[in-house]
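Okay, here's the structure, questions in a sec.
For clarity, chains are labelled A, B, C, D, E and F in written order, and residue numbers in each chain start from 1.
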Amino acid sequence: MENLRVKTGIEGLDSFIEGGFPKGRVYLVAGETGTGKTTFALQYLYFGVEYGDSGVYVTIDEKPERIVEDALTLGWNLEKLMDENKLLMVELSPYFSDIKKVDAFQIAENLRGYINEIEAKRLAIDPIAPLVARSDEPLTSLDAQMYVRNYLRKLFHALEELGVTTVGTSEIPTGTKKLSRYGVEEFLASGIVVLKLQMVETGFRRELYIRKMRGVNHNMGIFPFIIQPGRGIIISV
Amino acid sequence: MENLRVKTGIEGLDSFIEGGFPKGRVYLVAGETGTGKTTFALQYLYFGVEYGDSGVYVTIDEKPERIVEDALTLGWNLEKLMDENKLLMVELSPYFSDIKKVDAFQIAENLRGYINEIEAKRLAIDPIAPLVARSDEPLTSLDAQMYVRNYLRKLFHALEELGVTTVGTSEIPTGTKKLSRYGVEEFLASGIVVLKLQMVETGFRRELYIRKMRGVNHNMGIFPFIIQPGRGIIISV
Amino acid sequence: MENLRVKTGIEGLDSFIEGGFPKGRVYLVAGETGTGKTTFALQYLYFGVEYGDSGVYVTIDEKPERIVEDALTLGWNLEKLMDENKLLMVELSPYFSDIKKVDAFQIAENLRGYINEIEAKRLAIDPIAPLVARSDEPLTSLDAQMYVRNYLRKLFHALEELGVTTVGTSEIPTGTKKLSRYGVEEFLASGIVVLKLQMVETGFRRELYIRKMRGVNHNMGIFPFIIQPGRGIIISV
Amino acid sequence: MENLRVKTGIEGLDSFIEGGFPKGRVYLVAGETGTGKTTFALQYLYFGVEYGDSGVYVTIDEKPERIVEDALTLGWNLEKLMDENKLLMVELSPYFSDIKKVDAFQIAENLRGYINEIEAKRLAIDPIAPLVARSDEPLTSLDAQMYVRNYLRKLFHALEELGVTTVGTSEIPTGTKKLSRYGVEEFLASGIVVLKLQMVETGFRRELYIRKMRGVNHNMGIFPFIIQPGRGIIISV
Amino acid sequence: MENLRVKTGIEGLDSFIEGGFPKGRVYLVAGETGTGKTTFALQYLYFGVEYGDSGVYVTIDEKPERIVEDALTLGWNLEKLMDENKLLMVELSPYFSDIKKVDAFQIAENLRGYINEIEAKRLAIDPIAPLVARSDEPLTSLDAQMYVRNYLRKLFHALEELGVTTVGTSEIPTGTKKLSRYGVEEFLASGIVVLKLQMVETGFRRELYIRKMRGVNHNMGIFPFIIQPGRGIIISV
Amino acid sequence: MENLRVKTGIEGLDSFIEGGFPKGRVYLVAGETGTGKTTFALQYLYFGVEYGDSGVYVTIDEKPERIVEDALTLGWNLEKLMDENKLLMVELSPYFSDIKKVDAFQIAENLRGYINEIEAKRLAIDPIAPLVARSDEPLTSLDAQMYVRNYLRKLFHALEELGVTTVGTSEIPTGTKKLSRYGVEEFLASGIVVLKLQMVETGFRRELYIRKMRGVNHNMGIFPFIIQPGRGIIISV
């Protein structure tokens, strides 16, 4: 069954989840702002290439050129990977700039094109929340909750059918105990890795834990980690 | 009266509730994401077959094939049970993908078909929340609460009339002190088992307790448990 | 004045409130799910019969046959009382299944019929919250609060005119510090007994206290209690 | 200036506020349910008669006959005072039973009639919150706040012009840190006495403090009190 | 630069802010009910007269004659100042009694008249919140926030153009951690003095601190204070 | 790569972020009222001039002349810089005084004019929140969140295209754990510096930390700082 696992690219993390993410599903990396979600998503794709998997990186709030620039400070040359057709950087902002009414299937259909283009095995969506497009009609608060759930369920199922293993970043609204923007994403994903900034005496410490991993007898610990240029996220065990 | 109890399939739990769930009612397994609700629901059906009861597993957010795959990692071969007509995996997502206006009775009617098909004695609905379909009209917040309560009451009563004993999973919104998505499910169910992730020094510990069990003089303790491949949920007493 | 008190049927409780509930009013038994509200309501009627009072039990969310079944596990044979015309089990669900627009006076009028049928002195409504029927028009949040208060005031006044002493169960939304679903019930009732599950080291302990009792110099203590088959709620003093 | 103070009727309290309430204004007695607000209001009127002031008691949620009954258990014979035209019990419920659109001036006008009838010097309104009548149009949440404030300001000013000194009870929503239902009453009243149930080891203790008293250099302490038959609220200094 | 500061009239406070409020701006005195906001505003004007500045006192919720009466208990004879044309008491309630749609500029225009009448240098508005008049159209919650901010910005800028130095009282909703009714006032004002009731062992202690003071290197301490007849607010350093 | 960093002007801060802000992006300085956000923004521009960069200061809630006045108390002569065409003070209030419907691109277009006028390299927007203009239609709460995110994303991207490095101040609603008014700003910005008032024994202490800095291996400590006339924000390491 070894070959059904997708290595995360995060040193140490794979051993906590029996070798990697079960293949072909959608996983969340959840954290408040500044916790390292984008680094995680990049690392997942960058080392994915080392493992032989091409990857597509979908960005909504950030310009792709910015991501490329930031990755360089981590020692990761994305442009090289892009030139080799092992990485595709996709910006979806225009779809949402007018809160256009986009269907979950349309988005998945577009992504299929990019995935096929480089025969990608990995997909990173950074972040998931703004992918939820406006509904056709004004929704009361009860209906809005149902709408978001249905929208994301369709999107996640469609992503699974694309054959890729997806890592989506999930914004934890600052200062809350939630795991996601809408409060339903975590119930729809197959697994969740949580990144947090833990306040200690005179500053902050980075911590990571696995909150959920369907079909995996995962480690239940909370682990400190650092982000190191050239290596990215490194877990201290 | 021994024969009026339905064994839960969770080692240890039955002894806490005088032998099992009182037959023919609706029970909730409540927990945040990643607490083991799906494992509980599967275990309830899987060991149910060992006790001679066929079961229907209803899934809304997850594809049945995923559930089957995950069960395998717990050592449970669901396909075998499905082939023997002792288990039926049902996906209800399509009903809700367009927030269609579905009636509680319609859903129960559909379930009746599946139950009759394999003469099921056990039903698992994972999760309950998305079964609440959109109402015909936009509802203010006061009316929405009444609507959800009425909808779920009708559904629960209809399920009871189907003759099965139902375990429904109830999502506790992450970081809240609630027991359910809408805050009324727990008042309508005949019993509630709560699963939680208790933060301890350097990680999390799984815990379980019985919050409510109508007609049962149940144990009031909080118990640690583990999820073990091949055996599922095991309570440490 | 002894004869103006209605014994609660709960051993010990009567002594905390100078002999019993002042006659002819509406009292709340408030608690989260699983705290013993239904047991309290049943005990109030069951022992009421022993004291010579017939009683009407109104259920909305639960089927009467379920209540009868559960009471048996407490050693209380309700069917016998029903056969002797000392107890009437009434299910009001159908009234509310379509969120019909029902008036508080209509409900009281219906109850009058049942009360007269067995010359009941005691009434239990389990629970109160779903008795609030939908209003004729959509209400903003300010108006909704006024509507619920007016509705319940009319209902409570009407119940008092029926000549019975009423115990209504009040759902405390799980995890909140409220005493009722709408936040106004406790101000309209003549008294409140609170049941709670107090978390202690390795489990839960049942506790009871009197929060309010108009016209009574009541005990201010918090008391542990157990629910024992054959005897129901027993307070440890 | 001694003669410009209105004695509260609560032993001890007068000494905390330089002899009594400054005359002719509106004061709040704020507390959660069961804290003794009605006892305070009754005591204010009952001992007012001893001091030579007639009083009007306005009730909205409770029937006047209930209040009379409860007062008896405190040793206060209100019927006698009513027969001597020193006390008038007024029920305003009918005004609000249909959430009729009543103007603050109309209410004050009605009260003027009752006040003149017995030349009352004291007025008790128990409670204030339901006096806020429905507005002519549906209000958004911003407008609703402004509406309630304007409504109550007009009512309070009108009450002051009636020449009486008013004690209104203010419901603290259970479990909140508020001082009133709408959150503006306390800013409009000339003074506030807070009653609370303080949880101590094995039960509750009654406590009282003065939160605000315009034009008075009031005591800043928190004091335990008891409610004693025949004497009412007694502060332990 | 000494002459560009406006003395607050509160003994001790001036030394905390380099001699007084920077001239010609809008300051908030924020506190829950009963914290001494009105005393602060009165003291600001009363001692202002001693310093040679005439002042206008704007009241919305309270009748001016009440304010005059209360000031007397603090030993401040406002009527004398009014007779000498050094103080003007203005009641703005009528403007808002029907939630009329008033523009921020209209209010400022009216105030200009009063200010010119006595060549006032100081203005006190007690409180600020009800000055926000109703908008022309119903506003969703997002728009309401923008509306209030724009309304108050215009009002504050207009007040600054009147050449006076303004102290406005800001109601802290009881039991919250906010500094104002709408949550934007503190960002628009040039400075904030906070008054609070700090619960200590057996009662409350008054405390004051400077939360913000643009252009001033202010003291960062929290100071106990008392309100003394004849002297008003006295800070213990 | 040294030349791609923009010095912050805050002594000590640059060393925490590898020499300065990565060039050409949008950064937030987040804090409650009175924490020093405006001082930070001014210091960023004032010392920017010393480093050879001209700057544009955009103000919405405050009049530019006030800012100039306050800067003087910090020893910074802005008028001199304005005369030398090294600083431009821009007031955007009029755009928003009628909650006009302004597009994010229009605002950016206007800013381009000012930036070109003095060939600015730095831009300060104080604060960001009121820049979000009203939408064309009333928005439900779900749509409002999407609208604000899309609006700010467009604005931030447009600002980046102007070639300047932007510091925007972000209001933390008083008493909350948020980092911004709308809860999305922090996810859209490239970095966040947080300023806070930490309550210590008898007063407040100013503290600063870096919460997020894309592409920078930033310091994770929390540092006390003071605001000193002539020097501005000084961090104690």
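The rule we apply is simple: contacts are C-beta pairs under 8 Å (C-beta built on N, C-alpha and C of every residue); 3 or more make two chains touch, one makes a residue touch a chain.
Every value quoted in this text rests on a predicted model; they were computed, and no experiment measured them.
Identification of common neighbours of chain A and chain C yields B. Homomeric contact chain A/chain F is classed as different-residue, with under half of its interface positions used by both copies.
Rounded to whole angstrom units, the spacing between the C-alpha centres of chain A and chain D is 58. With each centre defined as the average position of its C-alpha atoms, the distance from chain E to chain F rounds to 29 Å. Multi-chain contact residues, meaning those touching two or more other chains, occur in chain E at positions 140-141, 147, 176.
If you draw each protein chain as a dot and join the dots that touch, you get one closed loop, with every dot joined to exactly two others.
Think of the chains as beads on a loop: from chain A toward chain F, the beads read A, F, E, D, C, B.
Of all residues in chain A, those touching chain B in their complex are 22, 25, 140-143, 146-147, 149-150, 153-154, 157, 160, 176-180, 183, 186-188, 190, 192, 209, 211-217, 219-222. By the touch criterion given at the top, residues 33-34, 38, 60-61, 63, 66, 69-70, 72-73, 93, 96-99, 127, 130, 132, 134-135, 138-141, 144, 147-148, 171, 173-176, 197, 199, 202-206, 227-229 of chain A touch chain F in their complex.
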